[in-house]
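In this document, chain identifiers A, B and C correspond to the written order of the chains, with residue numbering beginning at 1 in each.
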């Protein structure tokens, strides 16, 4: 058998839709699922004589992202036209950035298994406008909707530093977290806010030679699952193809594939008749963007702690598991809410449990973030303290938390109202324990016996006490009293 | 009466209307009578709006009767080159591809004219998409020169120039990418101003060469150029390339126009006279002599890169045009072929059927100049030469207030004379093109007539944003001559 | 005569890029005319531009930005007003078979 050793090489292009109110070059509203062709004006319809004017917010968002991705922000950039004909591209050129992207030479750190991180270099971050949509369900016609035409996008391109499908997915998720933290994109996959195009090939070692397989680009993936699966599929397909044909990378043999979501295979796309010749040239309708120190520092003052750093801090400072810290930092509002609650004096693990086990579920049902449930961080901290001190049981605390998202009352008031304050008064509880002991001689005997039945009987007696107190007894105190009475 | 009205300039007419001496409706009626009588053979207009114009004129008359405030062009009938978008009528660019196109918006200049109470009477013919120097490339109509109907009116704003010369309007807007206002003004014996690039909003001007295009007036004299520039100039937030107040504060171009320029220094480039017809050279030289007699100093200079302007221009303008005209594809608006087998043929056949030869030629040239492997040698090289050409102007304006030269090497040529050889046609723009590459303003005013009684144009070029002085310099000449008052026998 | 600056094959390729379905007569006419024009523009090579910056724009302006405020769109009816072929809500073109969508 031949000795085969190979490495997967992946570079990723990501298009991210920015969270602006209007399009890149006109005032049309960015509205998801609006009536087709209703959010269109002379500029984004490419009418004769119409001219583009840059959206300040989109430019600033791109600069912010470039900085967060450790890029060098260009002091001088310009706009270029990229020419190709397509019905969803009304001007038949896309306004984009060619040789002077707004950000370049950065990196992103992504989590890899075992709690470590890996640096992936970012080649460039640039701004461009999106195309509209062609729809192919109307018989012999394609329908064209231009509502999306002109939507501000960031295109982020990594170096080919990713070496397996899991890393590719990890980068995508990390980037989603970052743009959400920065507030530059909602990064809602369902709404197509992030689209991925991996470039994949293999470096194969065989019989002491290294071979590179032809690079393939998989177009237009819009879920993490499709991204991960398509890269894994491509790696297998390329290996098989190499073993069968021995085909290697040459100039001009790059191929473009689509992804079949149902069959979970990549599909070779029919090549256009002529080679791509985009005829990039500077857009004469737009003026350059000059980023001076003052503007840059103004924009960058908006940079917040980034998710991965925050996640690491939660692990080291709050002793959370990496998993929990990851869940909490999946969006900024949740992470900040957690952090503030802990800083207000709540126990980190308990606050974490409130949020991850209960809060996220409610938030999800309501379609908002945990921070928007109407619970102030210091109130949540208060609740945590009540649970810690045994004022309320852990179960009661959850009930109180749920109530807090509705009534906006203080946790103490809610506990009182719902009668959830635990009885910790040893004298009072002792009386009840005595009553229970007196009423259940068999169980008392079993509990004292020390054999198999003992544990069960002990639990039964505890249960009786709890029943008598309607669940308001502090179980720790009851257990202590019971133990001393039974002398175990 | 109506013939008397037609002789007035915009400024005179506006004053008479404001005083109530002349009714705006009468001015509009006079203009439409003239159009009905003469535009058949001249062919200046693609479209007129008699009903709407008369209605608007009545409204202005009513305003005046009620002593309400009126705009700077109140009641003045004005024509628009048909490459500026209007919500009324069609906006065709004289192309079959836009023959039925109705714009849902007005160009900024149109809104400004309307706000100044101008009466917009019609849209004038042009070379298709403003590509040409004779208006022979119109895909819709033929326009002739009112001075000699066997000759071209110049181009591409040929319809606008002919309409002003034939008194079928009091002024017209044109657009100038490589001389398209100045050269037809010169051929038709009217004044034509190309403002500084960025002075007038391009929003709604159908783009040909975006980094060169500029809207300007064609009028009976320089005073009217100033009056109209007052109305159309200024920053527009819809045009990223229009200059703001900080860079070029607004000024009243009309207020000081009669003030002569003291210590005027005029640069001339002797080599440039070599390529022009002797009658043109003589007329322009006598014009410069008039300035000299009024005390101007004449300085001879060299502009070593001037002769490269045509070559640079036809690469830059066509490159931009190839991209600007990509949108005419039969998908969202405009002509669509009936013979498309698939969506690709919607593009290739619609465009092939509806674009004229010159437009196709320029799209081809520009596409080639931008295509992979040729970009550096053609497009990029042209941009570098453009910089050299601009530096010639910077150097010249270090020594003089303005540069004077002919607008065109010849007077109006015969219809069909240059259509067979596109390169010969391109070469006729030798004096006007460099101005667009440098982005500076220039005006053409009538300065004489040749033996065929065809007007000769004097071109005066000034530094960027110096229109105020440029107009004063031009006005000095009008005050000593009467060429601008001559009208063709129709 | 010197070699033509552009040949028929190149002209065909450019026509394809420009989405122009030119007739054979046009192709051959343009080959000659474009060659003559390209021959003429060769004169630019007389100038040494090694140290000259390209000038794409004459204006010394930059950062023309607008605020992110919503403006009225045309609405579906007006948007489709000039469409050569449309249904209730969409522009129509003959079916696109090899759609790759987006960028």
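Throughout what follows, contacts are C-beta pairs under 8 Å (C-beta built on N, C-alpha and C of every residue); 3 or more make two chains touch, one makes a residue touch a chain.
Values in this document were obtained by computation on a predicted structure and should not be read as measured data.
Trainee: Out of A-B and A-C, which chain pair has the most contact pairs?
Mentor: A-C
Trainee: Could you tell me which chain's Cα centre is nearest to the average position of every protein Cα atom shown?
Mentor: C
Trainee: With chain centres taken as the means of their Cα atoms, state the distance from chain B to chain C in Å.
Mentor: That pair's centroid distance is 24 Å.
Trainee: Roughly how far is chain A from chain B, centre to centre by C-alpha average, rounded to an integer in Å?
Mentor: Roughly 56 Å, centre to centre.
Trainee: Rounded to a whole Å, what is the gap between the Cα centroids of chain A and chain C?
Mentor: Inter-chain centre distance comes to 40 Å.
Trainee: Residues of chain B that contact two or more other chains, please.
Mentor: 101, 104, 211, 237, 240-241, 322, 326, 329, 331-333, 343-344, 347, 367, 371, in rising order.
Trainee: Going by the touch rule set out above, which residues of chain C reach two or more other chains?
Mentor: Touching at least two other chains: 17, 19, 56-57, 59, 61, 64, 66, 74, 85, 91, 93-97.
Trainee: Of all residues in chain A, which are in touch with two or more distinct other chains?
Mentor: Those would be 42, 45, 53-54, 85, 87, 92, 142, 144, 146, 277, 279, 284, 286-287.
Trainee: Which stretch or stretches of chain C touch chain B in the complex?
Mentor: Answer in residue numbers: 6, 10-11, 14-15, 17-23, 26, 30, 33-34, 36-38, 40-41, 43-47, 49, 52-61, 64, 66, 74, 78, 81-85, 91, 93-97.
Trainee: Which residues of chain A touch chain C in the complex?
Mentor: Going through chain A, the ones touching chain C are 15, 20-22, 26-29, 35-42, 45, 53-59, 78, 85, 87-88, 92, 94, 128, 130-131, 133-136, 138-146, 155, 195, 219-220, 256, 258, 269-270, 272-274, 277, 279, 282, 284, 286-290.
Trainee: Touching chain A in the complex: which residues of chain B?
Mentor: Residues in contact with chain A: 83-85, 91, 93, 98, 101, 103-105, 107, 202-207, 209-211, 237-241, 319-320, 322-323, 326-327, 329, 331-333, 343-344, 347, 367, 370-372, 375, 379.
Trainee: Contact residues on chain A for chain B in the complex?
Mentor: Touching chain B: residues 42, 45-54, 81, 83, 85, 87, 90-93, 142, 144, 146, 277, 279, 281, 284-287 of chain A.
Trainee: If you look only at chain B, which of its residues touch chain C in the complex?
Mentor: 100-102, 104, 197-198, 211, 237, 240-241, 243-244, 247, 305, 307-308, 310-312, 314-315, 322, 326, 329-336, 340-349, 351-352, 355, 357, 360-361, 363-365, 367-368, 371, 378, 380-388, 390, 422-423, 426, 437-439, 464
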